[in-house]
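Shared chain: chain A. Partners: chain B in the first complex, chain C in the second.
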Partner chain A sequence: MEETARATVSGKSDAQPIGLRLKKHWGKYGMVYIFLVPILIHFLIFQVFPFAFSLVLTFMDWRFIGESEFVGLKHWINFFSDTLAHKAIWNTVLFSLYYIIPTMALGLILALTINSGIRFAGIFKGIFFLPVVTSFVIIAGIWGWIFQGTETGLVNSILGVFGIDSQLFLSSSGQALMVLAGLSILKVSGSTMIYYFAGLQSIPSQLYEAAKIDGAGPVRIFWSITFPLLKPIHFYVAIITTIGSFQIFDSTFLLTGGGPNYSTTTIVYYLYQQGFASLNLSYAAVLSYILFFIILIISLIQRKYIGKDSSIY
Partner chain B sequence: MKRIIAYASVTFFAACFLLPFIIMIFGSLRDMQYALLSPSYWFSDQLTLENYRYVLSDGIFLRWIFNSVVITVIPVFSQMFFCTVLGYIFAKKVFPGREIIFWVFMAVVMIPQQLLIIPKYIMFSNFGWINSYEALIVPEIWGIMGVFLIRQYLQNIPNDFEEAAKIDGAGDFKIFMKIIFPLSIPVVATVGTFSFIANWNDLFQPLIYMTQENMFPVTVGLASLLGKEGHFGIEMAGSAISFIPTFLIFLFFQRYFTEGIQLSGLK
Partner chain C sequence: MKKTWVWLPVISLALAACSQEDGSDNASSNSDGEMSGEITVWVHPYTGDSEKEDAMWDEIVSDYESEHGVTVNLETIPWANRDQKVLTALAANNGPDVFYAIPDQMPQYADVGMLLELDSYLGDYDLENFVESSLVSVQWQDKTYGLPILQEAYTLFYNTDIVEEIGEDPENLPETWEEFTAWSEKAVEAGYYAHSFQGGGSMNGTLYPFLWQAGGEVLTSDDEVKINEPEAVEAFELINTMYQDGWIPEDSITAMAHNEQWFNGEIMAITGSGNTLSLFESEGYENFAMAAPLTNQEQVTYGTTGMFVAPSNTDNPEAAAEFIKHVTNEENQRRFNSVTKYIPTREAAKDIFDGQPHLEQIASYTQYALPGVIHPKGRDIMPSIQAELQSMMAGEKSPQEAADAAAAAIENVLAQ
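Showing the complex of A and B:
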């Protein structure tokens, strides 16, 4: 090691014997070889290969027992005539409509409340963030109980006090998707709050002071200063909640099993059913590529936009 | 006036966000036959620890918890190690292909998990990994997001420490263990807490790779109880127990969660 250091100082590495040069090379890149090479192999096996293999699968009839055969575009063509797949995409889009704006709005409201100079803001922040780290299984179990479709269910009991008839909730094809969206809003808005909170803190306080001097009220300040200055955050949060909403699976698996009448069959739930309930793995691979294309388009919009407008402050 | 509105709204929201957890605790302490009935029954009867006794004396539930611990603890520690080493390599080492490899990593992050699960299921069937821990541990030993976070963090640390150590004759591994790793502790903690949450709460992957009841992690196990008639109290007791590690980690590492979320957004 000492020799290596001296060689670097004298700058005569070319004149050194091959052994020493190798040693120096190892001293400099040893760590790269030892760690990066195995990790790259791991990356090829568990990320790159499955990605490519998945595409090959879409052109085959994959069977665990017996010969798998090449079928060309059969599964892709099937997708275009599969009304249930179209319904699954439509349900997912509908879910996004119920979910994205409320999650963003609630996240912003929570961020505003904890940013308003109240005491114990840290504790409240923790409370709002708690559902984010809690497993879907726990929250869904409780949510299903709150929204029981019987007269004795918690929400129905409350509605009963106001003289409103009992609702079916998860057993109603019109309401189930909304109840699931409500669950996701509660679960995720804590993390949108974190983004908005960071955004709020980066708005210079001079702007608020100037506006106050000009006589603007709190509502005016919010719509003229806070809301527009949060534009990069709005965009970023919109993208990540959209991507999240297209991958929704847990709540529909846990609470409705895709029903009633396929009203909560989302893309990923349909993919799961095709792949692992019907063992139609090749068709499930086609569906996973459709999901990938949708997410890719959303991500590309994000990259294009973030590169351009992230330096707004 | 403004303060009153702020306090009123924050209290209201806090109550809404805590309600599910309160229901969980109350539900777990109620006699299982009544737990499914209306809330008005809740206050009319005595509380009981019967559900906890039932869950903890049930071998299968303890097995689920054990499985969850195995598939969480190993990835958490190996991610903290490998992500730091790789983050360091990508931040500080100059070698051919560095940029292109990193760029490929970042592109692959966009591939949704659900796309890889079908080919991985076929691969793991051939490896004999279905219903064994390898399926949930080996693919998770490092993570691209972790490497990204640590690289980002180390890039902002000046090279002076490293240079000084090099002049003193310290080798790469020594520099890494004595200087880089201690310096990175805050962001390593972030990677660890993220990895904990991702693995402890994962439902989708174990649902597919684990088909035997005794190999379920606690998420899949609780999911199998869900909706069974008269099981609400037991399910809530199980949920509460499985929530304890999450809650403790959250209590001690909350800062790392929120900072990590912000960092991952600053691409």
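Showing the complex of A and C:
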């Protein structure tokens, strides 16, 4: 057995006929392969096939039924002159800017709160997590009511008390995207809190004790111990919130319909419009690949700059 | 030998993967022309009362099955994302043989060959009894792709308390733009909104009715863009006045509904239809009066038409076409619309509203109801028009500039 291992490691694999080696390998790992078959089939059908099919689709004209026609790079070229698609990407980038850092910050603050030894921490954890498990449609409905752009809207009523003029919120090109980002932050921060809470729990308590003995205060402890040691969590949360922000769809679909004047039309909403309202499925596939490349590039950048030395402890 | 069992999951999965239906049991017709086999029909929850609806469909389906010997698999599909459901099912050749469609969908689907032309199955079928405006919705380029089951007509509902407060008579509601303008100014002066406006919703409920009333058009079936012609611009101007002068709520640019303001007594008039009546009934709201659709150059309003259509890849076209005729016949229109409270598309079936004055009144307005822009790009152009309308309301463009920009955007969509 050791000999076989040595032969493999040293690359001298000619010692045994390939058939015999395969038989041995199958005898050892056969069951593993068999039990992997269902998930592999699922992966091929629901991940690999749609991915490959949509790539083929980008070079075709196909509208669900009937013959498809090969059109080469037509849809890819169209993307470069489609100003609406560019606006949708820009809106999505803006949304990400409004969303990622506040979501991470709020998640961290909530995690620190429940990790601080506060009484009824379990209850607070449940309350903070509640928006995550609540239907998005319900939360969006309430959010739309809170930020109603009339004088009788809840936030406008409060602003009125302080003598501030009513705001249009979702009816304003300049404010609508921020209001939608606020909704997503509320919805997702509970999940972020759980990741950070898990990270906080795994920081060795001896570090805190040693810091206290050395006379470090809570702020110094946070910036010198807690924050840096959460680096793997920062990286993970940054990745998932970035991906989530680029896939934003529900809130714009439910609250603004992409308006006013396309100011909340995000890339996924535009993709949806192209695919299912205009039946322009091939162009929607191009947009989905553009989105894929954007997320891939951002993830690689994040990995390079945030993910470096992420396994610090 | 003892490891034979480990192959079982693999064999089972392979068999499962190979056991696709070939559709051969959906036989279309016998050699003697009689229908057989089965069809799948997709309907939607048209009311909140599924028990009543189930009983209604049981009657309609059992009559059809006993008359034609075809089994009907009726499936109620939720409204949410129905476009995706229909399209993906049809693309997978696993869709319904008959499904419900609205006028926005019909020309778009028909134009790409997704719908079965019914003309050859209709023969000498009598279409005379259908309301003329409902047949407009089921035909595209002189071909019939569906038969209408229901209609709606949108009109203005007035809060009678506010009408009296501004010194007007609820028995004599505005009929023209001029009268409506005078009333609106009075309502705003008295501290109310004159009207609701769902700028985040479909253009069918906002711009289009005003545009048609002004004698304008959005787009002809010959791809002629007319949205920036003077008549159409008049509608842009009216909406601009409505917003800038405070006739409609501040959030009208993207609002999806103004029910809350209506029930709070803040709005003089809202646009509504039969479902508005149902809402009023459920809320116990009685202080309202309905007016006929407004007239400027023409008396016209929006009203959708619901229809049943068959996909072109149905395995059983004869049975599907026959079901469409069956479900839209006079008797079944009575059954369907009695339960759903929509308006029948057959004149004779409108007697279901005898003794119900409000529904009877709405039913009388279907003659003025246009079903939207009947064009394959009818839905594609809507976001562009909406964006320009929103720009105008936000003060970024004048009515003419917004209309011109909308026309350019439509040309762009048509050129794609």
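Methods note: the second predicted complex is superposed on the first by the 246 of 313 C-alpha atoms of A that agree within 3 Å, B and C clash if a C-alpha of one lies under 4 Å from a C-alpha of the other, contacts with A are read in each partner's own complex, and residues count from 1 in each chain.
The working rule: a residue touches a chain if its C-beta (ideal position, glycine included) is under 8 Å from a C-beta of that chain, and two chains touch if they have at least 3 such contacts.
Being a predicted model, the structure only gives us computed values, none of them experimental.
Engineer: First (chain B), second (chain C), both or neither: which does A:114 touch?
Structural biologist: Touch partner of A:114: chain B, not chain C.
Engineer: In the overlay, work out which of chain B or chain C sits against more residues of chain A.
Structural biologist: B
Engineer: For A:152, select first, second, both or neither according to whether it touches chain B, chain C, the two together, or no partner.
Structural biologist: A:152 sits against chain B and chain C alike.
Engineer: Output check: A:64 vs chain B and chain C. Expected answer is one of first, second, both, neither. What do you get?
Structural biologist: both
Engineer: When the two structures are overlaid on chain A, which partner does A:130 contact: first (chain B), second (chain C), both, or neither?
Structural biologist: first
Engineer: So in the superposed three-chain picture, is A:173 touching just chain B, just chain C, both, or none of them (first/second/both/neither)?
Structural biologist: second
Engineer: So, does A:276 touch the first partner chain B, the second partner chain C, both, or neither?
Structural biologist: Both chain B and chain C are touched by A:276.
Engineer: Of the two partner chains, chain B (first) and chain C (second), which one does A:249 touch, if any: first, second, both, or neither?
Structural biologist: Only chain B; A:249 stays clear of chain C.
Engineer: On the A-aligned overlay, A:37 touches which partner chain: chain B = first, chain C = second, or both, or neither?
Structural biologist: second
Engineer: Please work out whether A:99 is in contact with chain B alone, chain C alone, both, or neither, and reply first, second, both or neither.
Structural biologist: A:99: touches no partner chain.
Engineer: State which residues of chain A lie in both footprints, the one left by chain B and the one left by chain C.
Structural biologist: 30-31, 64, 144-145, 152-153, 255, 276
Engineer: Using the touch definition from the top, list the residues of chain A that touch chain B in their complex.
Structural biologist: 1-2, 5, 27-32, 35-36, 39-40, 42-43, 46-51, 53-54, 57, 62, 64, 109-110, 113-114, 116-118, 124-146, 152-154, 157, 186, 190-191, 194-195, 198, 218, 236, 240, 247, 249-250, 253-255, 268, 271-272, 275-276, 281, 284-285, 288-289, 291-292, 295-296, 299, 306
Engineer: For chain C, which residues count as touching chain A in their complex?
Structural biologist: 3, 6-7, 9-10, 13, 17, 83-84, 87-88, 90-91, 108, 112-114, 199-201, 249-256, 260-261, 264, 266, 311-313, 379-380, 383, 386-388, 390-391, 393-394, 396, 416
Engineer: Where on chain B is chain A touching in the complex?
Structural biologist: So the residues of chain B in touch with chain A come to 2-3, 6-7, 9-10, 13-14, 16-18, 20-21, 23-24, 27, 36-40, 82, 85-86, 88-89, 93, 95, 101, 105, 108, 110-123, 125, 138-139, 141-142, 166-167, 169, 171-173, 176, 197, 200-201, 203-204, 207-208, 219, 222-223, 226-227, 232, 235-236, 239, 242-243, 246, 249-250, 254, 257-258, 261-262, 265, 267.
Engineer: State the interface residues of chain A toward chain C in the complex, per the touch definition above.
Structural biologist: These residues of chain A touch chain C: 30-31, 34, 37-38, 41, 63-66, 78, 144-145, 148-153, 166, 168-173, 176, 255-262, 265, 273, 276-280.
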